[in-house]
Structure formats: C-alpha cells, structure tokens
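Both complexes below contain chain A, partnered by chain B and then by chain C.
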Partner chain A sequence: MSDTPKSKDPMAVSRRAMMAGSAAFGAALFAPSTLLAQDYPTAEVNVTGLAVTDTTVTVGILHSVTGTMAISETGSVQAEKLAIAQINEMGGVLGRQIEVIQEDGASDWPTFAEKARKLLVSDKVPAVMGCWTSASRKAVLPVFEQNNGFLYYPTFYEGLEQSPNVIYTGQEATQQIIAGLDWVKETKGANSFYLLGSDYIWPRTSNKIARTHIEQFLGGEVVGEDYYPLGHTQFNSVINKIRLRRPDVIYAIVVGGSNVAFYKQLKAAGINMTEEDPILLTISVTEDEILGIGGENMEGAYACMKYFQSLDNPNNIAFVEAFKEMWGEDIVIGDVTQAAYLGPWLWKAAVEKAGSFDVDKVREAQVGIELDTAPEGYVKVHENHHLWSKTRVGLAKADGQYEVVFETAELVEPNPFPEGYQ
Partner chain B sequence: MFSDYSMSELGAIFAMQGFAGLILFSVFVLMALGLAIIFGQMGVINMAHGEFMILGAYVTYFTSIFFADYMPALFGTYFFVAMILAFIASGTLGLLVEWSIIRHLYKRPLDTLLATWGLSLILQQLYRTAFGAREVGVTIPSWMMGSMPVTDMIEVPINGIFVMVLAVGISMAVYIMMFRSNWGKQVRAINQNRVMAGAVGINTEWTDRLTFGIGCGVAGVAGSAFTMIGSTGPTAGQLYIVDTFLVVVFGGAGSILGTIASAFSISQAQSIMEFFLSGSMAKVLTLLVVVGILMVRPQGLFSLKLRK
Partner chain C sequence: MTLSKNPLFTRHEAAAFAVLAFVIFLLLPAALDNFRLNLFGKYLTYAFVAVGLALCWGAGGILSLGQGVFFGLGGYCMAMFLKLEASTPENTSIQSTPGIPDFMDWNQLTELPLWWTPFYSLTFALIAVVIVPVIFAFIIGVAMFRRRVGGVYFAIITQAFAAILTILIIGQQGFTGGVNGITDLRTLKGWDIRTDEAKEVLYYVNGALLFVVLFIAHFVRKSKLGRILIAMRDQEDRVRFSGYDVASFKIFIFCLGAAFAGIGGAMFTLQVGFMSPTLVGIVPSIEMVIFCAVGGRLSIIGAVYGALLVNWAKTSFSESFPELWLFGLGGLFIAVVMLFPNGLAGVWTEKVLPQLTGLWKSRKSQPQKEEALQ
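The block that comes next holds the complex of A and B.
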C-alpha cells in the first residue's frame, strides 16, 4: 500500500473540490487575513525546487500504519491530517492548499530511512511530519541532514539531540520529569522512589535524570531500579520486590504491550493505587494507552505530561470536538497526538513569517514562533528547536481520562542537554 | 540486602515469589501446549501461534462486550463462555489453515516456517484492519480481579490462581486426548511412521487436520486467559512467540511431559533471578543457560524414541 504515490484524505479532497470554485470568495469570507497565492509567486517562495505549485504545496507524513508501532502512531497521523485539513479550510499556507503524501514506515527503522529519502529526494516535500520512536528518528536523521529536509517530530523523548533539520514538538526528558518529581515531593511528601522501565534508551535516560534529581535536588532516596525487556509480560517478581522495599512512589516508564501486563498485574496483586500506597507516577501512559490497559486498572495513578484530553481551555475544547468529528466519537487523544497536531501549524506559521517554503528560510523563521491556538495552551519554539511548554500532572480516573491536578505556573524551558544530569 | 527485614517478612516474600514462579509456569504451559501438539506431533513450525492466541483474546473481548450489552446480570460468568468460543474460533481457523496451506507442505517442514510466518503477518494486518490498530481493553469480571490475603503479608492474585487451575485442566485434557483416546493413538502412530499408519487404515489427512485444529484451539484458550494479564492488540501475539518456542524446544519436541518440565524449570529460574537481578539480566541468563544445555543436549530435556 505504501507504493501508492498519494494517499489523500477523502475529506480533504472534497473540501478542495469545494474550495476550487470559490477560493478567493471563501478565503475572503472566512478568513479575511488569509494570504493569497498571487502575492507570493512560486518562483520567489520556492527557489530550491520543492513540491510547490501556484495552488498547492505537498508535505509528507511518515508514520507506521502497519506493524507493532501502528498502535501508537495512528493518533499522530490522525492529528496531522486534522491540522492540515483545518489549515486548508482557512486558505492554506501562503494561499496554497496542502496536499499530503503519506508513507508507511511499517515499524521498521530502515524502511523509515528509505521512505524519508523518497519523500525528500523524489517528492521534494518542504516538510515532513513524522516518526514516533527515537529509533525511527535516529534512522531518518542522516537522511534529513544530507538532503536538508525539515522534520516535525511529535513524541516526548530522551533529549540529547538537537538537529537543525528537526523541530521537536514533544517534551524532552527534563520537561517531563523534573516538575512531576517536584510535585510529588512537595504535595505528597514522597521520599523514596522505585524506578522501573522498559529496557531501551528512553526509559534508561529518563530514569537517570529522575535518579539524579531525586538524590541531589530533592534529598530523596531511590530504593530500586529495574528494567525489563520490551514486550515482557510477567511482572509478579518486580511487584514482590516493590512490596519488599516499600517505596513511597513507583516511578514507571514501561511501554507498549508490557504496559498493559504491568498495570493489570499490579492491580491483581492487590496494590491499590487509589489509596496511594504506594503512589504510582508514570510518564509513559497517555489516554491512548489506557484504552488497552483499561481505566479500572489505571485508576488512581498519576501521569506527568504536557497535555491531557480533559484540559479545560477553549483551544482544547474546539480541538477535541474537531478531532472527534473527523475520526469518531469514541476516540481518545493522548499527549503525543496533541504534539503531532502542532507540527503543521508551527510549519505554517514559520512559512508565512519567512514568506517562503525554502527550508533554510523556514528554519530561520521557526525559532521564536509562538502559537496561542495550541490545545495545550501557549507554546513557543526555543532556539534549540524544542518547545517551551507547561508540565502537568493528571490523576487517572476509571473512565480512562485524566483529571489535571497540577500544572507549572510558567512554561518550562526545554533543555535537551541538561548539565549535571547526564 | 536482607538485613533490613525480619524473618517473617522474608518468609512471606519468598512464599509470594514462589507463587509468582508458579504463575509464570502456568502461563508458559498454556502458551506452549498448543505449540507442543503442533510442533511436537506434526513437525510443523507454526510461527502464527501467537496470532491464534490473539484471535482467542479478541473473541474474549467481543464476548465481554456482548455480555455487558445484552446480559449484564451474567457478566461474571462470561469468561467461561469466551474460552469455549475462543477454542472454537481458533480451532476452526486452524482447520482452515491446515486445509489451505499446511497440508501441502508436510514434506517440506522448513517451508512451513516461512508459510506460517507469512500467515502471522497476514493475520496481524487483518486484525489491524478489522479491529483497529489500537489495543483494546478487556474488562475482567470483578470476582477475578484483586487478591486473596492469605496472611497479613502474603497476598495471592486471584487471576494467578485462575491461570494455574486452567493450566492444570488443559494439561490433563491434552494428556487424556493424547494417551487415552483413539485420536491420540492415531496421532502418535502417524508421528512414528506416517506411511505405515496410513497403510493400516488410519485417515492421516483428517487426523493431521484435527491435530492442527486442536493445537490452534488450545492456543485460542490461552489467548483468552491472557487477556487477564496482558494486552490485546493486533501484534500482541508476538510478545509470546519467542518464549513459546523456547519452552517447546527446550523441553524436547514431541514430548508433552518435556514441555511441562521445561516450562517449570525456565519459569522458576527466571522468576528467582528476576528477584535478585534486573529483569533484562534475568532474561539474558535464562537464555544463556538454555542455549548451553541445548548445545549439550540438542534433542531437549525429554525426547521420544523414534524409528527414523
């Protein structure tokens, strides 16, 4: 299926057909400030031979829609398509409708690199929204740097990276970890922590930061640290270890299918998270994952993210409504899905500030771009290509949603290379 | 590491840890029995074993929804219905697969590996298309959740006991079928000498199909039971396949008893090591020991004496 050159979103097609007849009229009526394509001649906004015509611009979406990562990446694809459809409805970017070429990374890292090369070299897209795991991002990074592509990467990740060719719309590790630990120390008086994770780079790096912060800045104690292979499904032994050490907080960064096994077994073993004995704090369970775990198994746990579907602000209410209208009433929206939604909007803002689709100019314009329409609230692009954003703590409820119990007063500065933590 | 704890605490922890090992053992037995029948008795390397399990899990999911919508009063009992339906669904799919693919490959056992691997990819994508890429959450009846306090310190998860009882029950059923029924006799005869078995009037084609179907059906029941402890998604079957083959190969292909012995030793070793070491390290050591033993004893722990 990935050989099909253009897999267009059917809704976008009909909308495009509708717009074609009355582009100028529609633009004038709905969004008076919309930029018109004739004010930005293609020869000027595209000097590097990108996929830009007088009426359209083609961007790439590169996620896994098959294979094991499809579980996680589906939400990102949906969010990006929603953002693009909304941008098109408002008149597009520099008066040009966005068309999408979607490629399937198939949960396979070399495939990601190959498809990225195809998008950049033969399709000449000015921007790609894509990747989810760090492994896939590392696989496409050299391709983007060699061909001067531009990638919007949505996932919260371990940091330790800053590429001129990537905008990281999720949180790097310190943004997600430190405020949450401070919160659990201050409001719950937690002193001892049990760190737990799946065995790969993100949980290990994150726990390293968490341990440093706990031991050196909070004066707390780490009573255990354990890693299990990806896909591990038996957690009874570690649950016994947790009982033995009696930590105040279980700090869990378990991912994928293991997640479901871990929380089900935790509940079955009689560890009652609603009584906060011990408190469970996680940075790896969004609303998406709770679908698989089951709200009744997750109830009472705390998650530290920047976005929850239940956020009560006008941007988010409109976003959730539009998302459900496009993709179905039962759908849930997790942290990464929201971050993926920001990608096309950040790109649009940068292109219009630069008055050009050319990657070098967009990159220059991107730093400092502010977005006050983001569902998570106001965000701003830092010069290190990550976003300033708030950190929030949510309490899981039985219906699978989080109730926001804490948010940082200020935006947290992204710090992908935290000194003293590595 | 033990100096901080009193003797009674330590005793409780070891009791619970032993129980954790027994649960792991039961899980391994459930995973491996279906494969032991297919791989052991027929020599078919069924890489799609995990996908047959997940079919059972999805059947459980839909049964739970059906009960919640139409018979909420009986919700507490849906799990038993679900397991029977899972056996029928996975078993039927198994019969179909045997008829359409496997029977053409009996003379080329290594090709069954490729064919069933392809089948597993096809099934994964089918599940994804039909049921969505996201994992589904199976609601477990409340009486099966939680734990039973035995003493102040020791608590035993109820679903763990359920898995253990199920593992024992299915092992007994398989044992009776293999060694006490006519079908079992025919299966073993075919395993020993296919041509001769055919010559004395055993319908080898039908016996093969039934064997494959029963093996897949048992996988379906295992998948159904695992909705209590694991995830249900299109690719969740992949989580189990490596451990399953490990148990069957280590136990000695062809021997049901070997499978059980192997499940016991691997689960206990892993469970004990997980307690003292990190989880990843425990896995590494377990695999190293298994590889070491298989180098000395390639036929596995137990092996049948066959006339080749």
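The block that comes next holds the complex of A and C.
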C-alpha cells in the first residue's frame, strides 16, 4: 500500500503497523463496528480496482433461484441477505454500505461459471457468497482462481479441496461424520452399519470415510453399501436387504427429492425409527428437507451436522427471530442456511482486520478470524480455509424440528485431506 | 442440374452470408468487451447444433430431441484430452495416485482406464470429436430409419437416448466425472485457454469453423440431395416409390447434424473450460430445438441468429431479473411461435424482404450480372 498524502490521520500509521504485523496480532483483534469511511480512503482500501466507492461496496450473491436446486438454495440467499442487512444497519464494512448484485445460477453449472465470470470481470465484486452443489463449485472454481475472486461456500461437502480463493463455511466430510459415528458407537453400542446414498461424489466420499472409521477405528462391521441415482424413488429392494441383514445402524446420505420416497418407504416397510430398530443416522437431512419428507415420516431419526434450528443459545435465538421477522414465521432454518449466514460476517471481519477490500489482503487476514456471534456458537477460520466448528447430533421430532442430543465438547478441526481415510 | 440455372449462391444468399460474417467478425468484436464477446463465443457453439437441426428438421423433417447427446460427446472428447493434459503428475501430486484426473482419484481409481489413453493424442481427440458423435448417430439412424421409425416416435426415442447418456455419465463417475463433469481444464498443447487473449482467439476460430459448417450445410441444401430431403419431408412415400432409398438419406443427414453438434461441443469445452452432463440431457436438447425454431427452422442462417438471440436474451433477462427471468424467456418463445411460425427467418423472407426487393426493383438495377458469375 503506497503512502498517499491524503492519509494524515494518526490512525493510518498504526493501521499500517498493524497490517505489517497482522500475523502476530492474531484474530482476537477485532476492529470496532463504528469505522468511518473517511478514515479509510478508497484509494487505500481498494488498490486493485474493485467495486468500492467512498460510501458503498458491492458484493455478489450467486445461487440458483430457479431450477431444481432453487428449493435448497433459497435459504442460503435469504441468510446472506439477512446478514448483509444487519451489517449495513451496524454501519457497514469499513464505513461502507454493502450493496448486492444477485445472479441466478439456474441449477445449471455452465451458467454458474458464466455468472461468476460476470461478477468478477464486469462487476469487480471483492467477494461472492454462493454455490451450493459440489458441481456448481467445481464449475466456478477455475473462474475464481483465474480472476482472483473470493468465494464463501456454505454447504457441507466432501472435502478433497482447498482453494486459496474459497472459504468453506460448511463442514467438510470428516468433521460431520466421525463425531457422529463415535457417538452412535458409544451411546447406542452400535456395531453393524448399512451405508447407502445417492450416487455422486459427496455420498461416495463420505461413505468411504465412514467405512474406514467403522472398520479400522471402531472395530465395527459394514454389512452393505449401496448407491442410487439422483432422483431415484424406488427403495424397496434396499429396504428388503436392510431387513435381511439387520444392521444396528442405517447410515443414509440420500439427497434431494429421493429423500421423500426413501423415508416414506422405510416407514411403510415397518422399519420403526422411533424404537431405534435399527437406528437411522443421516448427514443429509436438514430441517429444510424435513419440510418435504414430513415430520411424521422422519420422527426418531438422528442427523449429524453442526447446526440445528433448535439450538438453545442467545446468538441462535436472536438469529432465528431476525430470520423469521425478515422472511416469515413459517420458515425453517437448516444447517446450510446458517453456514451461509456466516459468509458476510466472516468477510466483514477479515476486511476490517486487513483494513482493505483487496482480495490478497483479505485472504491473509481471513485465516484465524473468530466469530463469537455465530448462531452455531463460536467458530474460527483454520489455515486450510475451513471452519473449526462443533458437531452435533439431533433427534428428529414429529414437528419437523431436531432436538439436540449430543454435541462435541471441543471444536472439531477441519481436515479436508484426511490421511488414512483416502 | 446445371449451375447456371441453379447457382450455389443467389444474390440474397450471398448477402445473408456477408451480413452474418460482418456481424460475427466485425460488429460483435467491436461492440463488446472481452467478457461479453466470450459469452457470444459460447452462444455460437450452440449455433453449430442449430444449423445441424435446420438441416435435419427443417429440410429433412427429422425432429431430434437428442442433439445434446452429440454436443456432449464432442465436448467430452475434447474435455478428456484437455483433462489429461492438465493432470500431470506435478499438478496432481497431492492425490493418492498422481498423474490421473482428479475425479478418478476421488473415486478410488488407481490407474487410467484403457479407453482413456488414446486421448493423450490431440489428433485422436480432434478426430473423435467428429467421429464419435457420427458413429452414435449412425447406429441410432440405422436402427430407427431402416425400420421406418419416424416423426413423433423418433423424437421420443432420441429423448430417451439423451436420458440414457446422462444417466450413464452420472453413474460412471469414476470414469466420467459424474455430475460435476470434467472441470478445471487449463491448457491446449501448452497454450493457456483461460486467458483473455485465448478466449478472443477461440472466438474467431469458432466463428471460422461455424462458417465452414454453414458452407457445408448450404451446399447440401442446394444440391440434389437437399431437394430429395425436402421431398422426403413433404411426401416420404412418393420419394420411396420413385426408387430412392429414403433411409440412407435420413441416416446421412442425421449423421451430418451430429458431426456439426460434436464440433460445437468441442468448441464449447474450449471456451467455457469444462464439460458436464447438464449439457447432454433432455432439457438442453430441447433448448437447442428452440434456438432453431426461433431462428426459423427452414433457414440455416436463421438458426445461427436464433441461437445468438435466445442465449443473449437468457443472459440479459437473468441478469436483470434473477427471480423472474424464466417467465420472460417463456413469453418470448410463445410470442415467436404464435406470431411467427417460421421464426426470425420467416419474418425476414415474408415481411421484410418483399419490401426491400420492391424498393430494389423500382430502382431498376442490373441483377443479371451477378448470377452469371457462377
């Protein structure tokens, strides 16, 4: 950053000193929320020609609001808009109000790539909150890396990725899986598992990690592993196999519309989840999916993820209330929605720590950032760009909410390239 | 048939080609920044498919709702070559098996499948871009047309092929990249295809190839073959009773359309930087028919404008109204089909051209000279 004659205030010197030693300062140093734009001249906070003016900064939101993924991604859009509205109310980022350019990925991966390019090349946004499926993330990844964009990605996913241009605010597979398996082994004495899932990269990678953990670390047994195409609706054959092999746990990673058929057919086949015979443990059904499945069909199942709407802490109570006020009383909030809500807050914290909107400086400042105000509790950005977070197990109730029955004592370290599990 | 009676290019046709060349090579590059030009480059790849459809459907009466299959096959052939080039052992050193594409490693493959190895060769890949779609089209064509399956039944069956190929690609993700497709393509023989300069070069290559395809299509339309096609479309039985082997003509034109689509797919992969099953399935295949219908299925030049217009509308509607744009696009299709059943080309030849020629004739210039040139 060059020393411009404009910066005469004494703060400017200490700020540069702070940046010089930013690594040593660590994350605890939070800039106050009442920063004034005139203390941060645009010429200094934006040396790479981003969409920043003296009063505003423009960020991108890139999700599907049309097509098959719209039902899942709408919650993320709502959460991101809520976070941005709240940040603006508090005075914005470096004294600048956040403006939003929203683009529709239309559930179509080439469209995601096209819109990502548009946001970075034409609109020059310093950050994008977006993507949901792994396929859309993989499609935009080269665009972000080539144009040095910065993406906040909210979904729990398979790991095996660590881009300098992405912050992963959802859990990677090991964070979500291992704690849940340990819990079901310890508290329920489960020994035999039946793994099943939709046929794509996330369920397959997750089940690979689950199988390794069950067989090598828990001394358990995997009695079956099956995959079904996305959108599959006939689960009777696998249900028959499950009844035949009588596993202690059905470990299900079915996604999207298939869930509705799967859980209804399980219930119709007389598999009684409320009596835990067998136990059903899933990592793919949030409160959003239960809306489609129906609470009565899901009752008694366990889900393992980092956030449930019913979490009882002051951050979450305020978050749920604000979310309902903005988007309606009937809305439910799932794990990914909460992770999407973290994106703008993490970005704001990093920008203010860096004293700059420039992507390279924000990236450097982002590692180590802590949020005490997250609805899920305290989170911290790991140097691998994923979040340290707690993992929780929820018991599905008939009203479509989860009751939290377990949470890890400590934050779980993100490990996108798990040694020994690959 | 003598050429003097039936010239390869009438004055109108020559003018139409010239105007299109002006638009693609001069107007668009001058009017658009690099990002928008690259988008138009992407739209032009769909124009290859639309031109093929104008031949199959507009001239031959064969409505294929599975052109995405051929577009996808061409694109995948190109993507496989580019992916192998990008997966050097150095680039993939964090994998359990370095040197194979990343998605294979994620799916526990430990060596490159045998059928992937020819794609280390660019020559093989380029030939495959055309030949693989043609072989598929030939098999489908022989199976269908020899049994005289046509019309709606043929359309439905092509749709089934689109669905089958999508399911196959998604299901065999260790070999194909599954839902994610083949992503993160970087260089072509060491030339970085992701830079702005490369995108610009690719745009012109794309435009030039499109003109090659247009000339071939135009030649087919003007030849005796072209007239047999139209005769088959209008009265298939009469053509058959006259001693022509209808099925062979249909197979030929279907294969030609597939080859065009394959080239378009390969150019798509180069310009967008990845290939995925979302471009293969039923929905994109139907969209491709819509490009052709909006442009005017009877006109190969119209099909190009249709592809450009529809995709441009799609982009700009969705940028302005991210939550409502599909309604706008739907409205556009309904309006075009209701008001102009022969598409944009129909509006041109039925409404605009008579006016223009009226003006031209009243000025009494000498039209004979130009026709004598051929």
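Please note the rule applied: the second predicted complex is superposed on the first by the 389 of 422 C-alpha atoms of A that agree within 3 Å, B and C clash if a C-alpha of one lies under 4 Å from a C-alpha of the other, contacts with A are read in each partner's own complex, and residues count from 1 in each chain.
Quick note on the criterion: contacts are C-beta pairs under 8 Å (C-beta built on N, C-alpha and C of every residue); 3 or more make two chains touch, one makes a residue touch a chain.
As the structure is a computational prediction, the values presented were derived from the model and not from experiment.
On the superposed chain A, the two partners chain B and chain C both fit, without a clash. Once chain A of one complex is fitted onto chain A of the other, the partner contacts of A:294 are limited to chain B, with no touch recorded for chain C.
Contacts of A:160 after superposition on the shared chain: chain C is touched, whereas chain B is not.
Of the two partner chains placed around the shared chain by superposition, chain B is the only one that A:240 touches, whereas chain C remains out of contact.
When the shared chain is aligned, no partner comes close enough to touch A:338: not chain B, not chain C. By the touch criterion stated above, A:270 is placed in contact with chain B alone, chain C being left untouched. With both structures placed on the common chain, the touch criterion links A:174 to neither chain B nor chain C. By the touch criterion defined above, A:286 reaches neither chain B nor chain C.
When the shared chain is aligned, no partner comes close enough to touch A:366: not chain B, not chain C. Legend: residue contacts after superposition of the two complexes on their common chain; A:261 is shown touching chain B, with no touch to chain C.
With the two structures overlaid on their shared chain A, chain B and chain C come no closer than 5 Å at the level of C-alpha atoms.
Within chain A, the residues touching chain B in one complex and chain C in the other are 65-66, 199, 229.
By the touch criterion given at the top, residues 33-35, 38-39, 42, 94, 96, 103, 106-108, 167, 170-171, 173, 178-181, 183-186, 194, 272-274, 276, 278-279, 315, 318-319, 322-323, 325-326 of chain C touch chain A in their complex.
Within the complex formed with chain A, the residues of chain B that make contact are 5, 9, 13, 16-17, 19-20, 23-24, 27, 125, 128, 132-140, 145-147, 149, 155, 157-160, 226, 228-236, 238-240, 271, 274-275, 278-280, 283. In the complex of the two chains, the chain A residues touching chain C come out as 65-66, 102-104, 106, 108-111, 113-115, 117-118, 121-122, 133-135, 138-139, 141-143, 146, 158, 160, 199-201, 204-205, 208, 229-230, 417, 422. Listing the residues of chain A that touch chain B in their complex gives 65-68, 70-71, 74, 199, 225-229, 231-234, 236-241, 243-244, 256-257, 259-261, 264-265, 267-270, 288-297, 400.
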